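In the two complexes below, chain A is the common chain; its partner is chain B in one and chain C in the other.
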Partner chain A sequence: MPVLRAALRRLTIFVGTVLVASLVIFLIIQALPGDVAQVTLGVGASPDDVDALRQKWGLDRPLIIRYFEWLGGMLHGDFGASYLKGQPVVSQITPRLAVTLWIVGLSIPLSLLVAIPMGLFSAMMRRRWSGALINALSHVGLAMPVFFLGVLLTMVFAVHLGWFPANRYVPITKSVSQWASRMVLPVMTLVLVQGCFLARYVRAGFIDVLGEDYYRTARASGWTKWRGLVRHGMRNMATSLVTVVGLQISSLLVGAVLIEEVFVLPGLGSLLIDAVGSRDLVVVQGVVMLLVFAVLLINFLVDLAYLWIDPRLRRGAA
Partner chain B sequence: MKKLTLVIGLIGSGLVVLAALVSLVWTPFDPSKVSGIRYGSLTWPHILGTDALGMDTASRLMVGAQTTLLVGILAVAIAALIGVPLGVFVGMGHKTLGEILARGSDILYALPALLLAILLASALGSSVTTASIAIGIATIPVFQRMARASTLTVMSQDYILAAQVSGTPTSVIALRHVLPNIAPLLGVQAAASFSMAILAEAGLAYLGLSAPKTVPTWGRMLRDANFLTQPMQAVIPGIAIVIAVMGFNLLGDGVRDYLDPRLQEVR
Partner chain C sequence: MKSSRIGVVAALIVGMALIISGCTTPPADAKTLTVGITVEPTTLDLTTDSTAAIPQILLYNVYETLVKMDSQGRIKPLLADSYDVSPDWLTYTFHLDTKAKFASGAPVNADAVVASINTMREAPNQTLKSQMAVVADVQARDQATVAVTLKEPSNFWLYSMTDTVGIIFDPALTDLATAPMGSGPYAFESWVSGDSITLTKNESYWGTPGRFDEVVFRFIADPNAMVSAMLSGDLDIAGEMTSPDSLELFSDASKYTVIEGTTNGEIVLGFNNSRETLKDLAVRQAICHAIDRQALVDAVWAGKGQLIGSMAVPTDPYYEDLSATYPYDPAKAKELLEEAGVTNLSLDLRIPTLPYTPGAATFIASQLADVGITVKVEELDFGRWIDEVYSNGDYDMTIVAHVEARDIVNFANPDYYWRYDNPEFQKQLASAIAASPDQFVPEMKKAATILAEDAAADWLFVFPNLIVTREGINGVGENMTSLSFDVTTISSKD
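Right after this comes the complex of A and B.
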């Protein structure tokens, strides 16, 4: 079973990288300047008080023990407790993770729905003004900062037209319709920007296919341009598209913080920025580890997706 | 069409450079002093209006171009100075080291630049320098990969073999044969990375993770604008960012098409 062996090899690399990453994150966080005990008690606190607090929080024990405690805790879902608020990190992360996951989870598939037709059209029509126009549009989208587009859409749809509310977030558990009306603009913003970005890869992928022998053969045997591109182009474009989409998901998990700022959504990224601001290092450490884990997991899944898409990889190689 | 790309790119990037250069010697008003009424509209002499404190937007926009260019230059310099030697080094041999570096750059490549910037800003305090360093580090893998790939192409050429056979030291081959040959491609990459760095810095400034409030930056101006009462104060810096990012991006594309006709699209 060469497929299974290849998959196992990738799994081993994935687990190893996660472990190395966890150690690196732990060490970086420990090396950050600013003693949390000192910050909590204020500059005027006596050194004895600071030491006592450090002892209470277990900060005086050796690094290696604290690392393994942290790692072991995470394996059964315990990310430790915030020094400042005393509450478990997990209970802070969960509601915010939901917000970010909704934004990312909705915008990625929708942006593909925009990007694939857009890229296919501008590849087919690249010698006509209609294709050039689409291509120019995607260039503008590529240069558009998400927070600027978010502000523009808010100005038009929330302030001017009054179609959607622009005020505080409502969880889906409270009211589905209110939640949905507040998700439209953030998701639309991301879909437009991501769609333009992905469309450029789709376009380049399809243009490559146009130069291939198998495409010429398909055309010569009487297939139409569109049929040739859709039937042969899709799978060939898919490998490079999967890579890009994987990278997009990773960068969006953190990058969503910009959208969260514009639309005042309580997501994971804003939790991270708040925690960094208040030096709540246990929270920072937990969120960063979670994000890095997600990024590595996505990379692992992308690797597996190659095996599924590209039959050449299944036959033993790599 | 090809020419159009280059021309638009030149105009866009040229405008930004011009604004930054002129602002070094002249701005309509002092960009860090209150010079008009608060929330001024777009009328003479404040042609782009004034912000919530009454500072002249046109002047701040011009000075903001300096920050934009500075971040681009710093970030690309960091990424290229570390990424290119690593890429060339690995491309010219060194298998084990290459494997380790490839893994490392995979991880760095997957790490969102924003995460790096947030961590760095929390360690060193937020400033233009930390923002540039974070963006620069996150861009290293881009240059390393490109340098490695193009070095491999150059190394398979006959003149490299000739140089090796005649006993030329590896370092001389790297400096005299490899670097000059991969330089044009790297230059194009630099333009693309430059525009991405500008976009990333604007985001960091919007989050308050770049320059302090006293230094005018476009991202910060957009954030501080109250778009309910003064929509133009948000739109103006936003458009400036789009022009800069698109300008340098198209400049890179245009130069690449000009340098390498083989990259022309199939008919």
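Right after this comes the complex of A and C.
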């Protein structure tokens, strides 16, 4: 059973990666300059008070013990408790994760909806002025910093036109309409930037296809330019697109922090930044660990997607 | 073919608009006050954490003190309707307002006051503990009278009792970190991490009740987001404008009021006075002469912010303008350095990342370069700054705002990160604090003058209190004399 053996090997690699990652995360975070007790007590604390607080939070115990405690806790879903608030890390992460997942979850499919037609068009029309224009526009979008575009859209749609609120998050469980109206601008901002970014890959992918023998054969057998490209090119282009999308999702999970700042959304990125700032290392560790999990998971899903897109790989695996 | 891209965007907007069809944002409830502030606290336990954002939200609004500081820096009665001071200035007797009660319904009695003062005397937050260090004994004389005896006379102690250290906690309070309970006109309601803290009206408030059913403090760290939230009507008050350049966006007086007051925050260019080069008075004087502070305020903070010249702010009773002690005079600076025989001076300027620091550091580095001092600017995140600069004193110069009231006392502590050890100043400050009340102000002025003349630091400017309110909001204090963002006096016309 080569499939099973391959799966088992992947699982071993996965577990090993997670373990190594957890140790690396733990050690790096311990090595950060700045101590949570000192930052908390702030300007004016005596060394005795700092020591007392460290003791209260168990920070005076050996590293190795604290590492295994943390690791053991995570195995049954306990990421520890924040030093500062005394609340479980999980209960702090969950509402923040929801915000980030909505933003990422909405903006990635929508940016594909923008990117694929844009890339297809600019690949096909690449020798005409219209294709060049679309291509140039995608460069502009790509060069536009997310926070700048966010401020721009806020000024136009929230301040001048007053169509959408520009900041704050309302949970979908509280009010669907409020939630939706507050999602528009942040998602639109990401879609414009991400769409332009992905369009570049779509364009390059289709241009490759245009030079392939199978496309020429398809054309020769009577497929029109456009239909041939969509019917025979999409799948081939998709393999490289999926890789890029996977990478984009991973980086957006924490990279959405810029969007969170501009639109004042309480997402995962801002939790991480705040926790680093206050040296609430248990929270930092928890969030980083979660992100590592997410990235590994996305990689796994991307691998599955290859199998789905490319039948040759399925046959190879069997 | 630009139209196809616009078409896609337009389709997206229409699609989104359809999802939310028919639901424009409802008009803000007239009884809710929404205030934007920049820093979210990590905990609400102010006995442990010294973050200014905690008293900013809770002091006077949720927690009350025996005496209160008004916006002009005067002491007013609050939970104590009067107090007596013994002739030897050692014993303060507070007569509690018998009407006073906590939001929970329990009375604010002498036991609660004694317990709170004792909590503060043992607080892990060193600032609070040191402010209470002068207290020898606290006793309940009867249910409405508390006597506090000091070890030595202190003109500072009563002032400090108007601030965080004077808070009287509800004895029923068990969770300081997430569920504060006090006697103020508003009670703590909820905290949505990353978003806001909501206070509700204390329906059974013992004094003049709050004018709003709900007060929401929203956390908006990004200056642009604060501006757009105010412009789009999401805020009633932008409580801290950290982008002074954008104040002109609010120049329409029919829609907004811009408040420019002062705070307790001295923005200090701190010197590590234990460094060989900086031990030399002439070098410190030269640095002060080399910096054009007015031009710095104009360049970095849109000209908002008064020059002060020593560790005192305009709302301090002992304040006087000492900003002309070492006026901008680069030629004089060069001369001083030459006389001191200092050449090729190179200094590290290690700053925490804060809205005002990078601009100020660049400005200072360039002005000091003009007189031949090389400045290496390094930006540290606040945690690292606390560790390396503040705790370990690993720096030559740094810039940070000192926001606590009467923080001139820090210059009397040789272990403080400025490493400033001047027996003359220490003696003068101690005698000013212990002086008879009528000698307090002149003696404090002498202390502040010693610091200024000794160029113990360079005081760049006092952090301005920049607030924007929408039309119809009244009663916002002009100056921030305590750490509180006091909403108890605020009302709305509609």
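Following the convention adopted for this analysis, the second predicted complex is superposed on the first by the 287 of 318 C-alpha atoms of A that agree within 3 Å, B and C clash if a C-alpha of one lies under 4 Å from a C-alpha of the other, contacts with A are read in each partner's own complex, and residues count from 1 in each chain.
Criterion: contacts are C-beta pairs under 8 Å (C-beta built on N, C-alpha and C of every residue); 3 or more make two chains touch, one makes a residue touch a chain.
Quantities reported herein were computed from a predicted structural model and do not represent experimental measurements.
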Chain C versus chain B on the shared chain A, clash or fit after superposition: clash
Which of chain B and chain C A:Leu253 touches, first, second, both or neither: first
Chain B versus chain C as contact partner of A:Leu110, first or second or both or neither: second
First, second, both or neither for A:Pro95, with chain B first and chain C second: second
Touch count on chain A, higher of chain B and chain C: C
A:Leu137 touches, of chain B and chain C: first, second, both or neither? second
Contacts of A:Arg126 with chain B and chain C, given as first, second, both or neither: first
Chain B versus chain C as contact partner of A:Leu241, first or second or both or neither: neither
Partner chain(s) touched by A:Val159 [first = chain B, second = chain C, both, neither]: both
Touching partner for A:Pro266 - first (chain B), second (chain C), both, neither: second
Which of chain B and chain C A:Leu190 touches, first, second, both or neither: neither
Residues of chain A that lie at the interface with chain B and also at the interface with chain C: 32-33, 147, 151, 154-155, 159, 261, 276, 279
Chain A residues within the chain B interface of the complex: 17, 21, 28, 31-33, 126, 132, 139-140, 142-148, 151-152, 154-155, 159, 207, 210-211, 247, 250-251, 253-255, 257-258, 261, 269, 272-273, 276, 279, 284, 288, 291-292, 295-296, 298-299
Contact footprint of chain C on chain A as seen in their complex: 32-35, 38-46, 49, 52-53, 84-87, 92, 95-96, 99, 110, 113-114, 117-118, 121, 125, 130-131, 133-134, 137, 147, 151, 154-155, 158-159, 162-163, 165-169, 177-178, 180-181, 183-184, 187-188, 191-192, 261-267, 270-271, 274, 276-280
Chain C to chain A touching residues, read off their complex: 1-2, 4-5, 8-9, 12-13, 16-17, 19-20, 22-23, 25, 40, 42-43, 48-51, 124-127, 129-130, 177-178, 192-195, 218-222, 224-225, 228-229, 231-234, 381-384, 386-388, 390-391, 402, 410
Footprint of chain A on chain B - complex, ascending: 1, 103, 106-107, 109-115, 118-119, 121-123, 195, 199, 202-203, 206-207, 209, 219, 222-223, 227-228, 231, 234-235, 238, 241-242, 245-246, 249-250, 265-266
